[in-house]
Amino acid sequence: MQRDVSAHLTLDVTTPATLALAVAVAAGHDADERLTVTLDGRPVPVRELADEHGTRLHVLDAGPGALVVDYVARVAGSAAEPVPPTEAELLRHLRPSRYCESDTLGPTARAEFAGLADADLLAAVSSWVGTHLAYVPGSSLPTDGAVRTLLARRGVCRDYAHLVVALLRALDVPARLAAVYAPGLDPMDFHAVAEAWVGGAWRVVDATTLAPRSSLLRIATGRDASDTAFLSVHHGAATLREMTVSAVVDELPADDVRTLVSIA
Amino acid sequence: MQRDVSAHLTLDVTTPATLALAVAVAAGHDADERLTVTLDGRPVPVRELADEHGTRLHVLDAGPGALVVDYVARVAGSAAEPVPPTEAELLRHLRPSRYCESDTLGPTARAEFAGLADADLLAAVSSWVGTHLAYVPGSSLPTDGAVRTLLARRGVCRDYAHLVVALLRALDVPARLAAVYAPGLDPMDFHAVAEAWVGGAWRVVDATTLAPRSSLLRIATGRDASDTAFLSVHHGAATLREMTVSAVVDELPADDVRTLVSIA
Amino acid sequence: MQRDVSAHLTLDVTTPATLALAVAVAAGHDADERLTVTLDGRPVPVRELADEHGTRLHVLDAGPGALVVDYVARVAGSAAEPVPPTEAELLRHLRPSRYCESDTLGPTARAEFAGLADADLLAAVSSWVGTHLAYVPGSSLPTDGAVRTLLARRGVCRDYAHLVVALLRALDVPARLAAVYAPGLDPMDFHAVAEAWVGGAWRVVDATTLAPRSSLLRIATGRDASDTAFLSVHHGAATLREMTVSAVVDELPADDVRTLVSIA
Amino acid sequence: MQRDVSAHLTLDVTTPATLALAVAVAAGHDADERLTVTLDGRPVPVRELADEHGTRLHVLDAGPGALVVDYVARVAGSAAEPVPPTEAELLRHLRPSRYCESDTLGPTARAEFAGLADADLLAAVSSWVGTHLAYVPGSSLPTDGAVRTLLARRGVCRDYAHLVVALLRALDVPARLAAVYAPGLDPMDFHAVAEAWVGGAWRVVDATTLAPRSSLLRIATGRDASDTAFLSVHHGAATLREMTVSAVVDELPADDVRTLVSIA
């Protein structure tokens, strides 16, 4: 499997800021990649930080001006076998987080999915979320979590994934969010999916069913979108003007919803 | 400095459950300690897990019955010098979390604390939270975060700390929650304080001002109370029946609110 | 049909306050009744105000002390035929209110009850609310509305009624709340039910199914519990210490959930 | 005083709907007015309903098509002296409503405005809301109430008025919302202000201070925007395409914030 991905961002930095980008493929890939950042046409130094779960953050300080981010990568084969999570890490992924309010959604989860476990539970939650929500671009706010998504009955990939994660955690299944490049996604964009720990591995749950799971390419992994945002702005202000994402795989795989799939 | 602490919990386990306890002092202490757990009078095996930031979880599986947890520790001197956080870890502590909705509280934080930084900012936030809230035992719910605390204008130590953390993160100051034993606290209980990264160290912010900061003894550290709960119940159900906490230090130190203090 | 009802309240008025009571049967009944209010044993003057929909408020000003409210009524026959609502009034009962957030619950209502109308819709909403919620005394807060009730999946009669009202309004069915005496209710207390405008009359929807609808005796009617509270305290503070309610009918009627019933 | 106002709305009715318009000046004015509604160029019959407080609703049923609403009025002099509210009506305006959650905002109101009453309280609340919020067109959602407005620290006239109303009710001052034509408003639009019952009259509180209070021309009055919306759509769907509002007075009056002013 060969995957070619790219991200192109244009921002107006209006107040000097520290920007953290999560656009590069996660550690553990055989990637031929290039990241360039310019401010008003001049290169900006970027430092790479290792965040949890192999997430690679690219951080830079930039004064006011037009910032352009260009990332391109060719990834050969699958990711290296991940280090198995510790039991403490799995416990951590049972806890509620900012956008996955599993405590508030506990009554819903227990009422809707009583008696289900493992693969059956993943299938049921995925189907329930997929049928309860309508995919409506632009329908949610950055501060929306799973509770508001369920009430609004609509959202985008991030919202679908948050609701899946919250319901699973409420049922004592460790779950987390992954930001990914998603070959086959239409319209193309960054994508987000849930991952649940079932049968000794992190399994993808993508209630949007908008892209084959086996060719997803991991960028960032965390408790929810607060950990996986492609852009975080600190100590200043910046506005995203334009963004283009691409992701292709040499051969787009089929996806059978009845099988368990891990991000590779 | 010598500190003697203990925690005694009695629970009814009504459905067989996995319980995670965070009652032991954090790693890095010279502690003489003993933890015993019994179910209906018989010892229950406990496994210790290393969570983040030196938090030590004690996890056990227990069928139905009366569970008794007894922890006692004598701690000599201060904690070992902590490993300095990475830049990625500091960035992580800028993110909103379940009970510290720094995104929603951003407008409040920016309006109330414009122009302040470092020690001045910590003092201002601590004072603001301390004067805006009334300490009312039993006034908050487990699902309450900083937003509801601010609206209710009351809470307990956990709520004070969540509001401090949320406001600081909104102002791009890394902040986290610490569960501690707090000599001098009255009435005695587990205590929770905020920690903010200022001047190259984690500094305590305790807007309750209910106990001297320099004799606090760290138990658990995390993004908010979801990471530091003294008890988490999974895959079953248990009810806390009774809890007694004690914490004494050989000499209770003075506390000058104008100084920066780290948990030692 | 003869109904005998009573309410006995004991309050501590801690700061001189104006209290509004809604404990008397609504206007339009042939009632033999007596209301007495005393403060520290001395009679307190009470003025009766006519609120909307026949609600009778009894208002009094009382300084600090122990306030005792005693209401007893014997009601012969049914209520007088109500004045039919104007079209404007019906439109008013489509609007969201404090505890019936029909705007926020619109997506849920439209997804769950598409294609249903009139008696079928009432039956479906009643059944859905009845099966989604668990009746748990003390499980809700005074500030809880239908949204929080749905998330918590539990509540008391007030919460059931609010959720019914919110869902119906979202579907363009005029709906309101009625506080009632409810012969047959067990344990006995004030009761609250929804009323929906279907087929030219206000029809009771009581998703709790805890008392026969045809012997309900109306007290107060309004948009939600903010209009029908048995006690409102203004300009001061009072604490309810004790409350006893009774309601009996000479012959407790049967109740067939498939029929439309109006409060008589 | 002569006021000339108009409203022009263009809507796409996508599913046959019942529309309720609140665009005409309230009852009690000496108005020379004309309201025309057309669907795809053909006149649509309109019925006028008398809502509470003199609000005049214009209701119509319209199939799919392009709906155009044209309202123009010349109003000579002031409104007729209003009928004084009953005590029950004043009590009603102390209750929380959908967008004025005075119960949730009680702690804030009591902490910020302790000891103030009457004109001083109105001035203090108006000033506090005016300085806490930023006027940002498009910054709020239709489902936002006073709580979210306070957290967001921004909004439009409707949000300012909701926050004023909620704070006043929490302090036991009867308060309501008025939708008005507002000569001098820039940019011109429908306007919303709070009204508080102080000194035996409804007094305008407009924390936006965007238009002189004494030339405001009342359209609709109610508990909050749920009662005063210029357009409500029932049993179908319609999208507002375009709206133009005008309001001029022969001589724009001065406005002294220290005086109490009633809508005339």
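For clarity, chains are labelled A, B, C and D in written order, and residue numbers in each chain start from 1.
Here is the rule we go by: a contact is a pair of C-beta atoms (placed from the backbone, for glycine too) under 8 Å apart; a residue touches a chain by one contact, two chains touch by 3 or more.
Everything numeric here is computed off the predicted structure, so don't read it as measured data.
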Homomeric contact chain A-chain B: same or different residue positions, threshold half: same
Centre distance in Å when chain A and chain C are each reduced to the mean of their C-alpha atoms: 47
Centre-of-Cα separation between chain B and chain A, whole angstrom: 30
Separation of mean Cα positions, chain D and chain A [Å, integer]: 43
Multi-chain contact residues (two or more partners), chain B: 104
Each pair of chains that touches, named by its two labels: A-B, A-C, B-D, C-D
Sites on chain A touched by chain C in the complex: 104-105, 107-108, 111, 132, 147, 151-154
In the complex, chain C residues that touch chain D: 20, 47, 49-52, 57, 59, 86-88, 91-92, 94-98, 101, 103-104, 142-143, 172, 223, 226-227, 232, 234-235
